[in-house]
Amino acid sequence: MNPIFALAQADWLSLLPELVLTGVASVILLLEAFTPRLRPAFNGLALAGVVAASVILAQQPMGLFFHGLIESTALTGAFSQIILLATAIGLLSAQGYLKRERLLFGEYPALLLWCSTGLLLLIRGVELVTIFVALELLSVALYGLAAFHRRESVSSEAAIKYFLMGALVSSFVLYGAALVYGETGSTTITGISAALAAGTGSPGLIFLGFLLLVCGFGFKLGLVPFHAWAPDVYQGAPSPFVAFLSVAPKAASAVVLARLVILVASAPTAGDWTKLVSVLAIASMLVGNLFALAQRDIKRMLAYSGIAHMGYLLIPLASPGESSWRPMLVYLVSYTLMNGGAFVLVSMLYAKPGEQHAIANLSGWAFRFPVAAACMAVCMLSLGGIPPTAGFVAKYLVFAHAIQNGNLALALVGIFASLIGVVFYLRVIYMLYMRDEISSPGGLKLDLSGQLAAVLAAVGTVVLGAFPGPFLAWLEAALATL
Amino acid sequence: MLLTVFFLLAIAAVGSAIVVVLHRNPVVSTMSLVVTLVATAGLFIMLGSPFLAALQILLYTGAILVLFLFVIMLLNVQRERTTATRLSGMLVGAGICAVVFAGVLVRLFWAAYADTAVKPLEADSVSLVVIARELFSTYILPFEMIGLLLLVAVVAASWVAQRAEPGESAGTPDSMAEPANSPDPAAPARQEGRR
Amino acid sequence: MMNELLDLLLGDTITRFVFFPSFAAFPLLFLGRASARTVKLYALFVALVEFALIALFTASHWGGGTMVARDATLTWLDFGSLRVLYEVGVDGISLPLVLLTGLLLPLVILGSWRGITKHWTGFAASMLFLTTGMLGALVALDLLVFYVFWEVMLIPMYVIIGIWGGDRRVYAAVKFFLFTMAGSLLMLLGILWMAWTYGKLTGVWSFRYEDLLQLQFPLDQQLWLFAAFALAFAIKVPMFPFHTWLPDAHVEAPTGGSVILAGVLLKLGTYGFLRFAIPFFPQAATQLAPWVVGLALVGVIYGALVAWAQTDMKKLVAYSSIAHLGFVMLGLFAFNEIAWQGALLQMVNHGLSTGALFLLVGMLYDRRHTKKFEDFGGLAKTIPWFALMLVFATLASVGLPALNGFVGEFMILIGAWQGGLRWATGIATFGVVLAAVYLLKMLQETIWGPIRKDENRSLKDLSLREVATLLPLCILMLWIGVAPGRFLEPSRPALTSVLATYRAQMSAGPPEAVTLSRAIMTAAPAPTFVAGSPAAGSGSSR
Amino acid sequence: MSALDYLWLIPALPFLGAAVNGLLVRNRHKSLATAIGVGAPGLSLLVALACLVEFIARPGHTPYEQLLYPWTAGALKIDIAFLLDPLSAVMLFVVTFVGFLIHVYSVGYMAHEEGYRRYFSYLNLFMGAMLLLILGDNYLVMFVGWEGVGLCSYLLIGFYFDQDFPPQAGRKAFIVNRIGDFAFLVGLFAIFSQFGTLNFKGVNSAILADVGALEAPFALGLSLASFIALFLFIGAMGKSAQIPLYVWLPDAMAGPTPVSALIHAATMVTAGVYMVVRTNLIYQLAPSIMLFVAIVGAATAIFAATIGIAQNDIKKVLAYSTVSQLGYMFLAAGVGAYVAAIFHLATHAFFKALLFLGSGSVIHAMGGEQDMRKMGGLRKHLPWTYRTFLVGTLAISGVPLLAGFFSKDAILGSAFEKSPVLWIIGLATAALTACYMLRVVFLTFFGKFRGTHEQEHHLHESPGVMVVPLVILAAGAAFAGYAGKIPFTHFDWLGGFLSSVIVAIPGHEAHAAHHGIGLEAMLVGASIAAATAGLGLAWWLWGRNLGTYSDAMLARRAPGLYRLVENKYFVDEIYDRFVVRPLRSLARFCWKVIDSVFIDGGLHVLAFITELAGDLGRFSTTGNVRQYALYFFAGVLVLFWWMIL
Amino acid sequence: MTIPIVWYLVLAAVLFCIGTFGALTRRSGIAIFLSIELMLNAANLTLVAYSRIHGNSAGQMFVFFALAVAAAEAAVGLGLFISIYRLRHTIDINRLNRLRW
């Protein structure tokens, strides 16, 4: 019999969300080809697809699928929801931008959806080949999206940089994967951990292999010293896409990173992973906040702040274990809301694409665009980790985890870094609220969908920060199945 | 006999690789990359996977590198003034890193596999059949993903490489209805993607 | 969960008056287009309601007892092993400060009537949120919730200074924010550490005040933790080396901001010492007391001297706060009942008198748009009522007997002397002289003497609104000064029990390793609030 | 149902009057203001008289305590309570009586001031505070009154606030007083921490219960008693203008003259003496401090007297004379003659108030002129003023059979017992006093008028409302002396009356002041001689050649000395140079250097460094991808190296 | 005799490092990309060698997918080069630094 039919119904069912996304994307592309009149509706259609996907995702069967290549658990479900949230933000904020830039074509939503398909698969993948292919899938889509503003040379430049770095890194990843496979004889996580437990292979090579993999995904996260691409790409790429780029790939990569670190750290092998992760985290927190302090361009500033936040995100991994998931998950949720929201606002408030997004341009706009300004303020405070915002809850959980596992030093560094951080987050607020206008917004109009996204993000941030109880309880219940 | 073949291939691979990296003229680099790839294909055969060797030659040399040449011609990239650039610190840094990394790898490999002997190849140790079966059973998912990946790649590539449409630069998006403007290459790719 | 929340908000509870202002702030979003007058009136209305709520609550709980009321506890956050309870309660220590906050809010709205000229909705909203923050910090019985409220206070204050402030407002606002943040972040670590320690001993983390109160740390840990807490509070107070944010903040802040800042925010620092730092780490507190007292004295003398050197009315008052709060710190670290009573009373007193002074400065600023001495002089001739009020408030601040300032200072000093800090008391007492020096200088420069500037000849005297703003403060100053007994009663049981525990723990000495000390708790009447079902707690509040 | 139950009304009424006048009455309702302003102290005088009558009728003058309400709750137990015992009775009489007269006088004197209403509300406030001070049952209430009167003196000195000098003088007075109050407070702390109470009776009984405790060494190398006594006395120095804290009193003359009469002559300044007498028990246990008190008193007396000679401002003369007389009282207290101190306090209240009011009447007539060099020959224009003033002068000079004679005599007598040196100083002071007072009389009332013409034209006797009080006070100045010890007799009503207050401690009895007739005669003779000498000197210098003003001659004789004296020994300047200015520069240093440079500067540097680090660091993002790649590659290697090797 | 497997691995490692060196030092974007292809190729060789050691097919499958991925990357990458060249008339990485600092 043909082995292709050896696949059970369940396998395809478990793949349903990804299939929905891909399908919708393909449909949009077809519509693009044949009924361009519908272009204004494409993003909406894509959004519907995302919603559908997330609904389906909510009642996914748990377990391993496709011969143990992908799994679906409560965790992957939760992270996948983050991806979908980010995708939604990316779509909502795009509408106005694309219209303004006359880029309202089907390719944007299509690529975005495909990208999130890849992200979902990356999250769920528990086998190196799958992970690698998923990584490439989403990367290729990202390259395309980064260059989406094809009349804007900085957009293409950003894409080129991102692409070259990405290609280089993916070859490193491949080599790392090769080493891991070679030393353990298996490409599945389970197989690898079994081999590691058995102690096969040369520890040096194993460590190197994992190191290459970790660094590869660290690159996607933008950890120092693999971070340098982030500011350039963020600055050059279209803002709504950055709202997605600065969030979704990080969530997925964080999952893989966590998988790998937890996997290898639990095994008897060379290398001090606590030390390694701590070094990465500390470097990211300090460098990110310090460099952001010096930025006058809001997108670069947010890029560096994102780097810093990835440092915070890494803190729970300094003592890898199942307990690391929870804080990371919450941190990513809040990060998605606040950072996504911030970039949505940037894409709305900076009408002119190009190199410069000077923070000073916002001076005194708070009373011109009260809603947007308020949302921006909330996002900034949340990024600064000031209660009652989601940012604080997340930081609280992270620091608590650090203290629980005796990484006091990490917590201290984190705290001082965030003190630096407060300065430039507040700078945005005082530009908005406490300065007189220096540049009039001209005929700048804030599109509805973008504002919707911003308000949703801001409200989510505050609700999650002020009344985290219900959400976290729900999350706890969901994760209880772990 | 085998030994000499191996060494020939290895020397060819490394030598041409060095040319790839050092030669100023991208065309030459590309051609010498072809050599490397072919040599590697030979090594694949020696390692008992003729299928991959074939694939390597077809896909890489046949498709990808041709694409490269095509683009190079298209952009008629001049030969770089020098590979050693203004910031020669780069050069040194890269050199040191590369050498160190190579050293590390070689040392580790040597330590691990200096005296690993593999049992000689049987007839169907890793035969095409096995690969095919694997591909359509265990690895069906990545296989599908590759399809999607290629589709995405084509769409992305066509979007970025295409000239800006008239509607983009002037007029409202709605003003441009004719499908001719929309990126076409997606269609065949879609076939491939869905299979 | 949700209906519990509703019950808390609607029932006669602490939560109600804590959150009422911020809920009442939401309609302001839709008043954006309304006239400033409407907004002002609405804000005033809300403030008065808030005051009424607090007044009713206070009236029904003035009786005293270690714990006068607490609310049902909700789970604020429960994730993994970390659970944080929303738990609030009021005891004799927080009650006076709560009342003070409630009193100041309407006065601040009234006082800003003319001073705030733009974005009234924003101003009112900030004030209301700020109120929630302050009240929350005062009543929180869960340390993380306390921390949240503590930080929540920063944002509105930052905004108030930054938007409605003077020329260097942004500098001042950021300085204020960073100083406070720098301190409180370390406190957060300390809190986490304590909660974790509790978790280590009992298996589950807890941030509950009572739970953490059971912890007994060895001396070295105590010192570290105390330092972490003390830094946060000392910056807020502010104590000597950390005080430089205060003058800037005060000078730049609008009148209302200054009043709240001086009236309540600073008190949260001293309150923190009394509520957390000292009971949590008695041995460390005692060991470091000489340093704290030393700094307090430096604050008293130094603040007075610098105030004397000022040429700006508001800055003078700002520095005077540093001196006054030096007294409070001295009282707190004398560790005896009289001094603590005095310190607590002095917190309120300072809120009243300095609040009044800031209001007066603001009123003058509304008229002349300057705060510099050289622009004034001889005002008593043109605006006698203003002069009268200014003299009154100043004398209260100087610590003239039969006015409130004296009572607090006297009790603090006499208590400190009894607590064995004779030299410190002597020095601090000399601070009283200096207080006269710089505050009378202010009178001299502003209201006495011949009129030097013609602008001052045609000034309007206090309007009815302004008198209404000041009168409650003046009445209270006199009342507390003449018959303070009534105001000392409610805090007494709480203070004595805290003191009792402190003494018991001191006599027991620090443990070798961290322990949960039920023994001591039973030995001495615990400062913990009446145990028992929340229902009982909220029942007692009816 | 006895009058004593209404004791609390005595301070309450003036307070009420002050409040009503100050807050409710309008400036234009002058008569209403008068009614309240004079009525309140009048009523309290009546109540006081009633209480006094009833109190004196009490068998053994047992103290009467009246508890109003407990002041504080908690460990610090202090009551707001009043005490009427012989000592406070005497003070009560003096204060209410003289105070009321001065109120009446003020009606005339202030008639044309615009701050009329304000004036009376201040004055009532003062009365209230003063009465609180003397009626207080414990040190706290006393202190409340103590600072209250300080406040009123601040307000009243600065009454003419729209001029430059008066408010400053007021501030000076307040601050100098505060320095004293600081010591007073410290004394109170010591008392409380020792006895756990501030109640007079409680403290006294505690002392008597355990005398040893007070003689135990306490701090600063002093015994507890000495410590308390010293600090309380420093407080008294401030209030009663003793060296070195007297500097505020002369400046205080910037206030209206009746104020000077009431506050800076009759009542407030004597509070220090009252307080020392009130705590005599502790002083008796601190002989060294007693001596110190006596020395300070004597020094102040002679010192101020010398200054008095060279002043030309009539009020300044009286001010220094007050200082010197206060010195007298402390001398008395210092030598243990508490009764004599109170005695002199009472008589002084009369004649010094009289003198001030008289000078006020003169100034009134001169249209505000206070410089005696512009006066002269006022005898015929102001007959009543002249007569009463003369009585006052003779009384203060110690002319026999007038009040001053008896009280001074009593003081000198006890001083002699203690040490002849103090006695000599006392005598010299007496002589000087007589001298400069008579000088005032000569310069003011005799000779021919030296003022301008329209001044001369407007010269007129003051209205009855001012003259009547003068007359009454003159009577008091003349006959108040007969209440106390009369030489050569054993009559000493006051001594007997106060005997219950001055408690003798077992083992510490000062040997009874009983000396032979001869010695007494010598003493009396000496004091009479001193008085006559002083008067004679005055006559020789200023009386002989009337009309020609002869200070110039003095100045020619001893220029240095004269300038020194005329400028009050440059004490103010010295204070300014060595206390005020250094402090001020220290303050500026704290502000400009420590605050701005050290603390803020340090923080700014920190912030700058951080900014700089970021600003330099960001250039590592050169925009060249290959460098980013190198970062990546190098990063990998470094991490590997670090973790493995 | 058979060739010691380690030689393959070492050869792959050397190729990989050469590729890396090229990727870091070339100026022309396309040349960099060529070097990257070289690296991928080296990785493939490693995989095949390893799968030879283990005698299982996973390595070879991996290579199969890697080749496909390389193809996709090439497509997008070259497309990007075309677009950037159209806008900037260069693919010299040193010149593509308008985004920096």
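Chains here go by letter, A, B, C, D and E, matching the order in which they are written, and residues are numbered from 1 within each.
Following the convention adopted for this analysis, a contact is a pair of C-beta atoms (placed from the backbone, for glycine too) under 8 Å apart; a residue touches a chain by one contact, two chains touch by 3 or more.
Computed from a predicted model, the values in this text were never measured in an experiment.
Visitor: If you take the chains that touch chain A and keep only those that also touch chain D, what is left?
Guide: B, C, E
Visitor: As a test of understanding: of all chains, whose mean C-alpha position lies farthest from that of chain B?
Guide: Of all the other chains, the one whose centre lies farthest from chain B is D.
Visitor: Indicate, using Cα centroids, the chain positioned nearest the centre of all protein chains shown.
Guide: Chain closest to the assembly's C-alpha mean: C.
Visitor: For chain D and chain E, let me know how many angstrom lie between their CA-based centres, rounded off.
Guide: From the centre of chain D to the centre of chain E is 99 Å.
Visitor: Taking the mean of the CA coordinates per chain, how far is chain B from chain D in Å?
Guide: The mean C-alpha positions of chain B and chain D differ by 103 Å.
Visitor: In whole angstrom, how far does the Cα centroid of chain C sit from the Cα centroid of chain E?
Guide: About 65 Å separates the centre of chain C from that of chain E.
Visitor: Cα centroid separation between chain C and chain D, in whole Å?
Guide: 39
Visitor: Can you list the residues of chain D that touch 2 or more other chains?
Guide: Answer for chain D, listing residues that touch two or more other chains: 618, 621, 623-627, 629-630, 633-634, 640.
Visitor: Going through chain E residue by residue, note those that touch at least 2 other chains and give them in order.
Guide: 16, 19-20, 23-27, 32-33, 44, 49, 53, 56, 61, 65, 69, 72-73, 76, 80-81, 83, 91, 93-94, 96, 98-101
Visitor: Give every touching pair of chains, nothing left out.
Guide: Every pair of chains meeting the touch criterion: A-B, A-C, A-D, A-E, B-D, B-E, C-D, D-E.
Visitor: In the complex formed with chain B, which residues of chain D make contact?
Guide: Listed in rising order, the residues of chain D that touch chain B are 624, 626-627, 630, 633-634, 637, 640.
Visitor: Mind listing the chain B positions that touch chain E in their complex?
Guide: 2-3, 6, 10, 13-14, 17-18, 20-22, 26, 29-30, 33, 36-37, 40, 43-44, 46-49, 51-52, 55-56, 59-60, 63-64, 67-68, 71-72, 74-75, 77, 80-81, 83-86, 90-91, 93-95, 97-99, 101-102, 105-106, 109-110, 112-114, 116-120, 125-126, 130-131, 134-135, 138-139, 142, 146, 149-150, 152-154, 156-161, 163
Visitor: For chain B, which residues are in contact with chain A within the complex?
Guide: 104-105, 108-109, 111-112, 133, 136-142, 145-146, 148-149, 151-153, 155-157, 159-160, 162, 164, 167-169, 171-174, 176-177, 179, 181-184, 186-187, 190, 193
Visitor: Show me the residue ranges of chain C that touch chain D in the complex, using the header's touch definition.
Guide: So the residues of chain C touching chain D come out as 241, 244, 247, 302, 305-306, 308-310, 336-338, 341, 378, 380-381, 395, 400-402, 406-407, 410-411, 413-415, 417-418, 422, 425-426, 429-430, 432-433, 436-437, 440-441, 443-444, 447-451, 483-486, 488-489, 492.
Visitor: In the complex formed with chain C, which residues of chain A make contact?
Guide: Residues 323, 326, 330, 367, 370, 381, 386-388, 392-393, 396-397, 399-400, 403-404, 408, 411-412, 415-416, 418-419, 422-423, 426, 429-430, 433-435, 467-470, 472-473, 475-476 of chain A touch chain C in their complex.
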